[in-house]
């Protein structure tokens, strides 16, 4: 079972998608039903994977390595560690909820829609499992196309613009990544005489400092666009606003994590010296993203674009946490990836619920929903608070760990980043107040009905997760810890850092050429 | 019994879950029974635990209970654990005791509100958070309670969410508190990365060894923690949310914005006294801010016309007193005042609530007057509380306030100026409190006929808590009599184990520089005399010759206007902070995001588009020009092959 | 000056003349007539080269069938030389077209000059080197053996062309109007869908 | 005296050139189509000449195939001319510029 479970999880949705193809397009109920069953089974499979995963195991688990295109050294190499495990579970859960959420909101070409979602699922899970750069790249691009269709066909009024913008941004980054991959391939071949795309082997490619810098830049750009890091974020609000609810949920919940995951899986271990060198610049960009995203979110008129900008801000936190290069920051970041998927996914789902009722997302159209939709308002409050990072909700644990780790690494960054905590309260609560509180000013809001059973079912798992991670995060943190330590150990081969085993953090060695700025990071003299 | 500590916060949580999950489906009697019962049980348990603690040796009065490990990452470990020691024992008694009374009071006060069960659910959630805050054995869990009470405050201030002003006030409270939390968070980081733990006991014992006495790092940590306290306890410059918070139901004001939550800052400083003792400069700042706030808020309180707002500013001012006490390293005096203040200020608010209830939700004192005969019980209890807060000898407020004044004068870290400020504030307090009493209960009946006809004393569920609190406001201070009266200060003795660590660190902070009992007598008499004068003045101004007050108002119209508008602080914040941020954000969105970044991207797309548009001209759609170009191509190719 | 040469010169000049007249005639009917003239002259040239069968086919099929088809279409459409024949091409572009064509012609001459057929070959109607050169049998044998596949393919091509011609020239009936879907019509569709809601 | 093969080729080239001119300058679609036919015939002439010079029959087969294609082309082309005339009431090639997007 260990050998095939990953393959099964990846391709089960594809099988389902193929099954959809043979069903006539007008049998809407069976299409929905089959998609639901397929995604549900995939979720169960991912839970099984979670159960099989050995918590304290070092290295990759469930590894599969079969040669695929041998002449080019391409292998079908899959494997997971704690980081990918959690993201896979997040993916399957969110996809199931997204399918459930779009039950009544999609009216035309149902078949194409659910087909896209299932293929997208394959792409997403594939990215998280791939240990072969070629495979990684293939899945990376597989994700792109269904998302393009989901936004471009089932989206809002400006959907074509948003979809093209999304694809162009992502393509631009990923093409540079492809160049980087090929360079890496030849470099490794020159070193060992073997062509391989195996990520674990490529970790040991000898690269000069300048090569590392260029490669890091190529990969980091692709990932930074996906994250999205300021100033590459402008596709995000458009894509979120125009995408249908399920698209937004998957986009925010999973696709953005691809970027941060890429940093952890590829950039950090492969180009450690370059990571250290770029660290201050990326950190500053992440800081700008935090403040900038929060401020811009504050003045948005559309709920979805507000949430989109809040994502920019939150993803900035995650980036900063990773670049703190210590166990608290890394674990906090990975946990926050999960949290952001849950909270922002939940926010988009809830926005989708009121959109289905009112067909508008403008904040000014709402107000006083607490009166007519008490359950909705309560759940919305919980989700809002989790997004703000109130203690005992999931957001707090992640944010706190990130800031804690960051404070150890660089106090100034930590202090600036913490101000994002205040700002997030400002924009979220202001939005909440305008949507939920107050008198009902718009007569159309008078007759809104509260959540249906289906919507309750959609929200229920997320609410549970919000409190579970907030109150008892141990099971999740345990899973991440070995993986996060592994990332740092891989980085140790850089000339400029040393792994401080006792405190589980990276220490930057001074007087190496690589270090440009590291004022506050723990440094030791050679 | 000590293994049941966790039940104290959990019981209200259960109450919250029952009332919250039932979603308005339970009958009112069940709701109130669950709410009051859960906190009542907590109170009983607190009393039992208090006596169990008392039975222990003073040095071993520390009980920790670890529920489960919460966050554990690398070297960072935090447990979900509760700590019962003399300090938290006092706090849980105050919180559950006063909280219980206010719950009972609310049964009557909120009986006609449609959001009845929501109200009690929030109130129970608040009690849970507050108990977590005071029982936490580490900074992080305290932060949980800290934010939790902030959330409940937000929810309860905005309880009548259809009122824009209410939800605005709730939001303001939450955000201002968040600014404070920002400081708390960073202070916590400094503590953790220096000490390696967030557990209070470990911090207390390790901190003196890792921090240099008076060093920059510890001072920074303390100041940042103090920022958190400023936000929560409504001190300058973050006090602005508290007066607005009066939009909430009155019992909420009594519980959260007078008796318990706002005193969390004081509690936190007392809890971390070791750190503050290590940073005398930070203590100085605490004292200065406390004193300044005490005076500043008292002056605003002089002219307010809304009965609850007067009390709100009075709360801010009294909290200033508590911080002054902490600032002069007299933590037990601060906690003592916290306790007595909880009694009399809760009483004042509940009394005000009773008045408002009787007046059909009228809060403007200019429309009251002569209520003495209509609301006899309310009047009596209110008067007791007023006397207590004014510092009339024998009542609780006198003892605590006097201790603070004396400590601020005599302590090594104090200064006569602090005493002077406290002294003036005491006078002002007596003046505005009696102004309140005279305007409300004495003189002409200025309300309209309809309201007048409906005046009635409140039901028993409201008056009984008033009477109990009145009793406490009288006797509550007797546990902490000053030494010069020849009594034992039980309160100080009880708390001394908690503060012993801090005193060991900074031995001379508490030493009296002028330990002269005649001086103490003198100062005590001076303050009592000032209070009496202030009461007489208030009597003259607002009862006997009301023309005097109007004349005064006209004479000092500038000052009066400034005070009435609260020194224009809100307007100042609006103009200097809020509006620039909004405009800056709009600038970022409209200019940076849409115009510059998107402009660059769309611009490059436009450039490609233009180039294509130009090249498209070649594609005329005319067959003959295509054919010509085709032929030309053939010619060129042929020429190429021929020359080859 | 043998008879062959005389026949060659006369028919070559006639062919060129007919071609030129064809393209410069305004009246399409006259154009077709000159084309026939040119074709007949070319057929003579073919025969001179020993391609008796092909020459005959040229006259029968081309002049007899295809050009009659042209004529038929012209008659059917009732085209006049006075028809709207304005052109928006400028004299310069016209000149350029002549230049390009001239250049092409010159280049072809160069090719001919550079080829290795510089020695003259015996030509004439009755001087084939192989016995049945140009005969029906020899052409048929080639077509049905060596070039069977291309031959069959051309037959399919012809069939396709016939069907295509029928489909293209068919009068559109009212039952199936041709739908025109501009690329960005989906937004309008969205709007109408929204309006319907 | 025999006629040199080159002479036939030159005639073919000339006819081809005229055909090109016809395609490029004529405005009447029908004349344009005939010019195309002319070009095909010019090629045929060259093929026949080569066939003769090499004394191979293959050229004849080619010409036969070319003739078929020419017939096909003419039929489709004329059908298009008819449709165009029906829709636009003209056979002036300059009136059509729909070959673009």
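The letters A, B, C and D name the chains in turn, as written, and every chain counts its residues from 1.
Operating definition for what follows: a residue touches a chain if its C-beta (ideal position, glycine included) is under 8 Å from a C-beta of that chain, and two chains touch if they have at least 3 such contacts.
The structure presented is a predicted model; accordingly, all values stated were derived computationally and were not measured.
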Pair exhibiting more inter-chain C-beta contacts, B-C or A-B: A-B
Geometric centre: closest chain by C-alpha means: A
Where chain B and chain D are represented by their mean Cα positions, the distance between them in whole Å: 97
Centroid spacing, where centroids are CA-atom means, of chain A and chain B in whole angstrom: 38
Averaged-CA centre spacing for the pair chain D and chain A, given as whole angstrom: 64
In chain C, residues with contacts to at least two other chains: 89, 97, 100-101, 104, 108, 111
Chain B, residues touching no fewer than two other chains: 624, 628, 631
Set of chain A residues in contact with two or more other chains: none
Contacting residues of chain B [partner chain A, same complex]: 23-24, 68-76, 140, 143-144, 146-148, 151, 154, 158, 161-162, 164, 167-168, 170-171, 174-175, 178-179, 181-182, 185-186, 189-190, 192-193, 581-582, 584-586, 588-589, 592-593, 597-598, 601
In the complex with chain C, residue positions of chain D that touch it: 1-11, 13-22, 24-28, 30-31, 33-35, 37-38, 41, 44-45, 48-53, 55, 57-58, 60-61, 63-65, 67-76, 78-83, 85-86, 90-92, 94-95
Touching residues on chain C, where the partner in the complex is chain B: 89, 93, 96-97, 100-101, 103-104, 107-108, 110-111, 114
Residues of chain C defined as touching chain D within the complex: 1-2, 4-5, 8, 12, 15-16, 19-20, 22-23, 25, 28, 31-32, 35, 38-39, 42, 45-46, 48-51, 53-54, 57-58, 61-62, 65-67, 69-70, 73-74, 76-77, 79, 83-89, 94, 97-98, 100-102, 104-105, 108-109, 111-113, 115, 117-124, 129-130, 133-134, 138-139, 142-143, 146-147, 150-151, 154-155, 157-158, 160-162, 164-166, 168-169, 171
Residues of chain B touching chain D in the complex: 616, 619-624, 626-628, 631
